[in-house]
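Across the two complexes that follow, chain A remains constant while its partner is chain B and subsequently chain C.
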Partner chain A sequence: MTRDTWQRLKCDRYGMTGLIIVAIFALIAVCVWSGLLGQGWSEVNGNRFESISANHWFGTNRLGQDILQRMLFGTATAFEVGLLVTVCSTILGTVLGGLAGWYSHGWLDEIILWFKGVLDSIPFYLFAAAIAFALQSSPWAMHLAMIITFWTTTARIIRGEVMRIKEREFIEAARAIGQPGLKTVFRHVLPNTFHILLVQGTIVFVAAINTEVILSFLGLGIHDGVSWGLMLAESSQEVLGGHFGNFIAAGTSLFLLLMGFNLLADALQDALDTRRAPG
Partner chain B sequence: MNTPALKVNKLSVWFETGAGRLSVVDQISFSINAGDATGLVGESGCGKTMTAMAILGLLPASGVNVSSDCIEINGSDISTLNPAQRRAVLGRDIAMVFQQPATALDPVFTMGQQISEVYRRHTGGSKQRVRKKMLDALERVGFSQAEDIAASYPHELSGGMRQLAMIAMATVCKPAVIIADEPTTALDNSTRALILEQLNQLQKLHQTAILFISHDLSVVRQLCRDVMVMYCGRLLEITDCQSLFANARHPYSAGLLSCIPQISDKRPAPINSIPGQIPTPADLPSGCHFAPRCSRVEAHCRTTVPELDYANGRGVACFRPL
Partner chain C sequence: MNGPYLTRRLLYGIPLVLGVTFISFLLMVYFGPDKTYELIGKNPTAQQIIEVRHALGYDRPFLLRYGDYLKELITLDLGISDSTGEPVSVILRRTLPVSITLVVPGFILGNLLGLGLGLLAAWYRGKWLDKLVMSASVVGMSISFLVIIIGLQILLCTPYGLNMFPVRGWQVHDPGSYFYYVAVPTLALILVTLGYNTRFYRAVMADEIERDHIRTLRAYGASPTELLFKHVLKNSLIPVLTRIMFSVPFVLISGSLLLESYFGIPGVGLVTFNAITSGDQPILKAVVGLTGVLFVVALTINDMLYSVVDPRIAKS
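Up next is the complex of A and B:
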């Protein structure tokens, strides 16, 4: 199954383009984490608003910091937020959606759906602002806001899928070999939703990076460190003065990474679709 | 006398609805000895699968009612077990082979993983031991390249191989009883012969009792010693295969037999069918359920229910047997 999927993905030119773009950014993020790149993001090592040169590929900002370094560090920030939010909200959404689907129309399902309904009805940026305000001191306020709200979509999709899968015969067969109900959910039902989780995961990843940029732009996101959102916020004043360094660096990075992820998600969806005949 | 491997006494399954009680299995009793195969035949919708599910205790808890005096495996009653105790029995002492192996196997795990899971769950042991038992089970059903089969996903196998793998899964714990619910219906003739052959060998090898559910009498004759004919949730005739084919006593059994097309070099006779249709559980006729379709019906067939009447080891529920 995985082999076939990889074969199909390999033949998808757009999907492979997306994968390569994402892989390059991921590599940058790993290099930043391991201290090989972007460590000079906060150092002042030039004059203010230097233009593009061999020393400063994207010039410098109003404090004389190298914009390239800040962009590279921003990549790591984006991946950190993306990974953390994707993993946590996907796990939360899968478990809650799985339980809701397995016990559909029971009390547990009702409670989970009620929570989901409440969270979905709050405008997201207001909610994020409220949490950021409530947890002012915490660097994780933004992450928490995203995890708490992003699981609902995953849970809704998984709940529907579980309700479909649990009617299938191999679930009956699992009962016929004496598999307890809850164990069946985790051993046989949820693994069969993996293809959906993978696609949904990439979508959440994109949404998380996107949201991080917007929240940082609004001053609700990253406090200590730098992100593309903070760079875009800086650039809003600089562009009028004719300094495009921050804007181009952060804007292009964001555009490329999001496009890469979207291409990948699209291709994954096609490659994992078992209903489509191979080749 | 030995304790039978499977003994079912007065098993009933019914639905409570607004319109009253809909009976789908009505007070059936039978037993199968170790090493014997018994066929359960009848037309679609007569309650065969319901019987199997009720024996295993797999019917959903809501809406369906099951009652029985006892369901014994090697003398121990499984009808009174709580869910946890029942789970320990399912797959170990009694196992099921499903009609559609394509849908009864989990598509995202290899055959080896799925078979191992059954053994690990019931017996446990080291990784090597579980793997060895899994490969043994695959070899017992006739796979010479068990390693390859173990590494395959269900969709990579053909229908017949899937069914054999399913049988390997059912037999990995060497259960006393196997319930096979139309295991050959979805297969072509040559594959069917292979499956029957393997079931037959396993039955002799482990002294397993097999309840073989089928609507096809000719398949039952190949595998089973005894046969039970079911109609509208009741057993109409219990006998050994040879006597049934030589002289069926219940008019319904005789009707079923005449429906098997014969291959001969003469001009084929038109294929028979039993006139009328199976009544739905909602409007079962009182008295003998078969009476409206029966050619030998009498007045009191329509009012009184004939009991299974045993004579010379054969049981028949009819007032005017052939």
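Up next is the complex of A and C:
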């Protein structure tokens, strides 16, 4: 990210709001990881369905566990899922998209495009179910399902960008001095797609957090630990009895974090938009 | 009509269908759970194990087993559900109409509303109305489907809210009861898709409105309705149709999966949800394989229709 981009981002009120929201949640996640927050998420330290009090800001759940602690711990889970899926699917999408773009209309490109087409044709939740089925409910089935399917959009965008970049003079120069093709792709072409990856990465992050919630509700998500998706799944049993603690805590955090990322993604897209005329 | 182009599109669909079915086969049949020991008594002899594996077809070569799976999908002879003992094709035939009647109103209204709001925002681009609509869609995009469903249930179906609609269930026999049971799921579907739809349609319409010929027409005093309906909407038909085609599987599958399992509506989504929780392989492999194939078929028809709408596509 250049200084120029940062200046533009700083002037974007919505973007900065998004960045601050994301930073606060990231801080919570770091505190959970380092053992400062949310460690009592599985302790039973109250009665069943206690209402809001100074001890239990969001009340307790049906086992008497503190909902605030679970919400904080769920933040860390959301970031774990989001980061893992974003990093892996972005790497996969960049490499495959880069190769497809560099060897465009060759056999490698055709195979990658075919594979992308196949994955895009299977409705995602069914694919996740199939993966969970094949892996016999392994705790990583959910992550794997997201990584295997989320790379395709990144790859499509990178492929297009690489096809554009490879026509430019500096790539021609690299080719002229006899640099091997693959080295050129990884050293000169792909680094020039960084701005796209940044925007695409935030979008994938949003998708991952959003998907975790649905998959956890369907019983295909997090098994050990707690996540906002599991809290919402719990709340679906409780709201009819008038217990809204889980729903409010998990629903609000989820909304705020998704909103933060959405605002940030929009602002990044505007700030990094290279098509915009300078000045 | 462009014969060679249409044939090429058709041929392009074949490797996709093979890929989709192959992945479903690999994940759910080949690597799927081994049912040998469920069907066998205690302390089986080696001979018994071999017999059961043979009856299940586990000893057949890999490619032949894949061929069997393809044959099942083509003939719609999909085996018998593990949990209910009913033929899968009978279950699907019974539940599919329920799912379609459940999601169709929300799908249509969500797209129409998104199109309307997108047009409005694009027309008043940069004005306060545009900003309002766009901010509202970012908010809409940030609310999880599950939160929308639970929230609407609290607001509309419980004594903590208006308590006007049923908490769950599906006892539909006339238009009145249909409305009674479909209202809340429809609203949920509209809300979850509206943000994304509005944003997409605004982007498409804004591009179109900025074109030179529209500006010229505007300068010559064409009325906004004439401009929007005769020129803008008509010219942006292709991206709009693509959007709708691509969102059909998402809405039909994801929408029915979540709405039906949440509201206890006996459609394909609930059957699939139950199959996921109980590991009912015949149902899962049928649903995954068939939706994948249907998607490819829809995609191919879609592409072929384009070349009819816009002959330039076939040439490039």
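Convention: the second predicted complex is superposed on the first by the 274 of 279 C-alpha atoms of A that agree within 3 Å, B and C clash if a C-alpha of one lies under 4 Å from a C-alpha of the other, contacts with A are read in each partner's own complex, and residues count from 1 in each chain.
By our rule, contacts are C-beta pairs under 8 Å (C-beta built on N, C-alpha and C of every residue); 3 or more make two chains touch, one makes a residue touch a chain.
Quick caveat: nothing in here was measured; it's all calculated off a predicted structure.
Taken together through their common chain A, the two structures put chain B and chain C side by side without a clash.
Applying the stated contact rule after C-alpha superposition, one finds that A:L258 touches chain C and leaves chain B untouched.
When the two complexes are overlaid on their common chain A, residue A:F194 makes contact with chain B while staying clear of chain C.
In the overlay built on the shared chain, the residue A:Q179 is in contact with chain B alone; chain C does not reach it.
Seen from the C-alpha centre of chain A, the directions to the centres of chain B and chain C diverge by 100°, a value given as a multiple of 10 for the model superposed on chain A. Of the two partner chains placed by superposition, only chain C is touched by A:A134; chain B is not.
Which of chain B and chain C touches more residues of chain A is settled by the count: it is C. Legend: residue contacts after superposition of the two complexes on their common chain; A:E169 is shown touching chain B, with no touch to chain C. After overlaying the two complexes on the shared chain, residue contacts for A:Y125 are found with chain C alone; chain B is out of touch. Contact with chain C, but none with chain B, is seen for A:S236 once the two complexes are overlaid on the shared chain.
In the superposed model, A:T17 makes contact with neither chain B nor chain C. Distance between chain B and chain C in the overlay is 20 Å (nearest C-alpha pair, rounded to whole angstrom). Every residue of chain C that touches chain A in the complex is listed here, in rising order: 15-16, 19-20, 23-24, 26-28, 31-33, 138-139, 141-147, 150-151, 153-154, 158, 160, 167, 249-250, 253-254, 257-258, 261-262, 272-273, 276-277, 279, 281, 284, 287-288, 291-292, 295-296, 299. By the touch criterion given at the top, residues 1, 168-170, 172-180, 187-188, 191-192, 194 of chain A touch chain B in their complex. If you check the complex, the residues on chain A that touch chain C are 114-115, 117-119, 121-127, 129-136, 210, 213-214, 217-220, 229, 232-233, 235-236, 239-240, 242, 244, 247, 251, 254-255, 258-259, 262-263, 266. Listing the residues of chain B that touch chain A in their complex gives 56, 58, 84, 86-92, 95-96, 98, 100, 103-109, 117-118, 121-122, 153, 155, 169.
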